[in-house]
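Here is the structure we will look at.
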Amino acid sequence: MNLVETICADLAAIRKRKPLVHSITNFVVMNETANATLCIGALPIMSHAIEEVEEMVGIAGALVLNIGTLTPDWIDAMELAGKRANELGIPVILDPVGAGATRLRTTSSKRLLRDVKISIVRGNAAEIATLAGIAAEVRGVESMGTSAEPEEIARQFASVYGCTVALTGVVDIVSDGGRTAKISNGDAMLGKVVGTGCIATVIVAAFAAVNKDAFAASVGGLVAMGIAGEMAAKISGDRPGTFHVELYNALHAISEADVRAGARIEI
Amino acid sequence: MNLVETICADLAAIRKRKPLVHSITNFVVMNETANATLCIGALPIMSHAIEEVEEMVGIAGALVLNIGTLTPDWIDAMELAGKRANELGIPVILDPVGAGATRLRTTSSKRLLRDVKISIVRGNAAEIATLAGIAAEVRGVESMGTSAEPEEIARQFASVYGCTVALTGVVDIVSDGGRTAKISNGDAMLGKVVGTGCIATVIVAAFAAVNKDAFAASVGGLVAMGIAGEMAAKISGDRPGTFHVELYNALHAISEADVRAGARIEI
Amino acid sequence: MNLVETICADLAAIRKRKPLVHSITNFVVMNETANATLCIGALPIMSHAIEEVEEMVGIAGALVLNIGTLTPDWIDAMELAGKRANELGIPVILDPVGAGATRLRTTSSKRLLRDVKISIVRGNAAEIATLAGIAAEVRGVESMGTSAEPEEIARQFASVYGCTVALTGVVDIVSDGGRTAKISNGDAMLGKVVGTGCIATVIVAAFAAVNKDAFAASVGGLVAMGIAGEMAAKISGDRPGTFHVELYNALHAISEADVRAGARIEI
């Protein structure tokens, strides 16, 4: 089965099996990523208490760890949930929001990458570069530039950490060290709404919940997210409030036919 | 006065008196439930600090306790606020989000039901069944099935805990042990947006703030919520992002005439 | 340069320089204020960990302290970030949400005003009056009336605390003790969506990030916010859900021509 047909089959599987995606995530995007999870066809659960994360992840199809408004106690909960997910063979997706902007964010990301077996890391060029040991400028949570090309950054990250990386930008790069894909879907409007990176992460997680191949799941998630962004922008034009609303409509409406007609993947 | 006219009078009272609804609630729906509270005509306040909840609840017309992203310290704050509300005769509405999914959620719900006099519990079939001692399957925060009929679950819950239960689903059930009502308002779109259950809870709380009869307030809140859902779906069709926006418009627009024309209640 | 031209120049500067606005804010409005920050042209960062706030504020153009869902540990983080901002000459904008409603909110606001050099306080009449020692009634986070006129309250506040005050209401008042401006922009729909006061605060902060004159920045932020509210209401009419969406569209679309044509400022 080629990659586009795999994405279509995974999209159908998400909607049929409705996997639970457990997110330990930041306060800014909790509602938004929960709604995006639901729109693509999965079920969201947000839960961060040390006392329940291990039990909750036990019924999940994927676990998302997003450090966007981290404090040390939340990182502890992420580590606990991540280790339990590892024992159960549940894929763990890390979103290292703002890695490179502060020491806490960089060291917390590295700690999670060391202590938990992460399947997929989804981040922007500066976050991924920082963690791969490549110079980069992060401004808050925005990537402002790196000293290497995204493809090189992604490959180096994958080889350093032995996991799949989903690096998003004007062109998205997915690499597991061996295979590399470039995805040209998406729209500039995605940069005008807060949390679309975090939403991309949960969409990738929904795909990972139905496909053990982290590379294929990452490509699937980013293609679906990118096409949904294009569908939303076609309606909204340059209106970010409207785009935000239409993004949920598009994540819910996106069909296998949309994927077949719209996927722009280069291997 | 029949029940529909009571609902109309309560809706008018909410808009005239603008009661303060104090919510100690989950991070996922704070903005959404605050906006819904405001749209129906009440004033929302979110406050969870141990140092101020007793003082804050003292100026409120109703208190909502929602355990959706609970940690033990938040449950402590809920108990403190709840006990103060009891002393002052302010109705307390509990939303036991995800009871049955983890031990922490189940035991925290039971602790609040034991230590605080709860007026109304609003939950889905699996949450209510779990707490009533009836077998049920919860997946994250979704009800996946129970071993009894909703009416039976609601009646058993009301008799075990001596409070009113507002069990929402395809058909909503309100029971105080003695009286039981079935409400057929609502739309499938309500299941496609995160937090509509939590929104139903604050709408019920707004009604409870103006009507001491917990049974009538629960029916009123669920009828208003259900009709608003129908009004929103008529505009949005199968677009969850648009439905979400229209739901606030509908909660703000819903009139006594809409209630008289649209209420589908069976006693 | 007259004040309207200053506002136009500041708006252009925000969009060109994209200053980072660091918010330590409440859970209810985190997403909404982040999106508003982005829409006006600045970059939002939300971060509250004691371990990173000093480092994060070091790369920011302005710091927002909003006590809407305060707990003592968050106030500690605000103080730490505020003091570091003071050392670096970064303007600090305080939003004392609900000051007057509980002792915790009043004393925490006063503590921040004492221990941090605040550039601008943005609040409603009751919050500002309470802190200035003037009788007022607060209901949750709503101003229900004061014993003095807004202009008098603003002037007294500015003279007590030696900072600029941006008091929002039907007519907004900005005063630095010496200069006073009355701004008649805005729309009643702003009162029908939760968090528009908090949004006004971050818009003021974006202006403060590009203009050292706190008085001009406050006027600029409130004028931009008020005109955006008018633009949104023209499209939404009396539909709060739609108004909320259109508010982001308007904050993104507002042009220097809109400011020149629409600003209603009286000095």
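Letters A, B and C mark the chains in the order given here, with residues in each chain numbered from 1 onward.
Everything that follows uses one rule, which is that a contact is a pair of C-beta atoms (placed from the backbone, for glycine too) under 8 Å apart; a residue touches a chain by one contact, two chains touch by 3 or more.
These numbers come from a predicted model, not from an experiment.
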For subunit A placed onto subunit B, the superposition rotation in degrees, Cα atoms, nearest 5: 120
Shared interface numbering between subunit C and subunit A [over half = same, under half = different]: different
Centre distance in Å when subunit A and subunit C are each reduced to the mean of their C-alpha atoms: 33
Where subunit C touches two or more other chains at once, by residue number: 27, 31, 244-245
Subunit A-facing residues of subunit B, complex: 26-29, 31-32, 68-72, 98, 101-105, 139-142, 192-195, 238-242, 244-245
Complex contact set, residues of subunit B against subunit C: 20, 22, 27, 30-31, 34-35, 38-39, 43-52, 55-56, 59-60, 244-249, 252-253
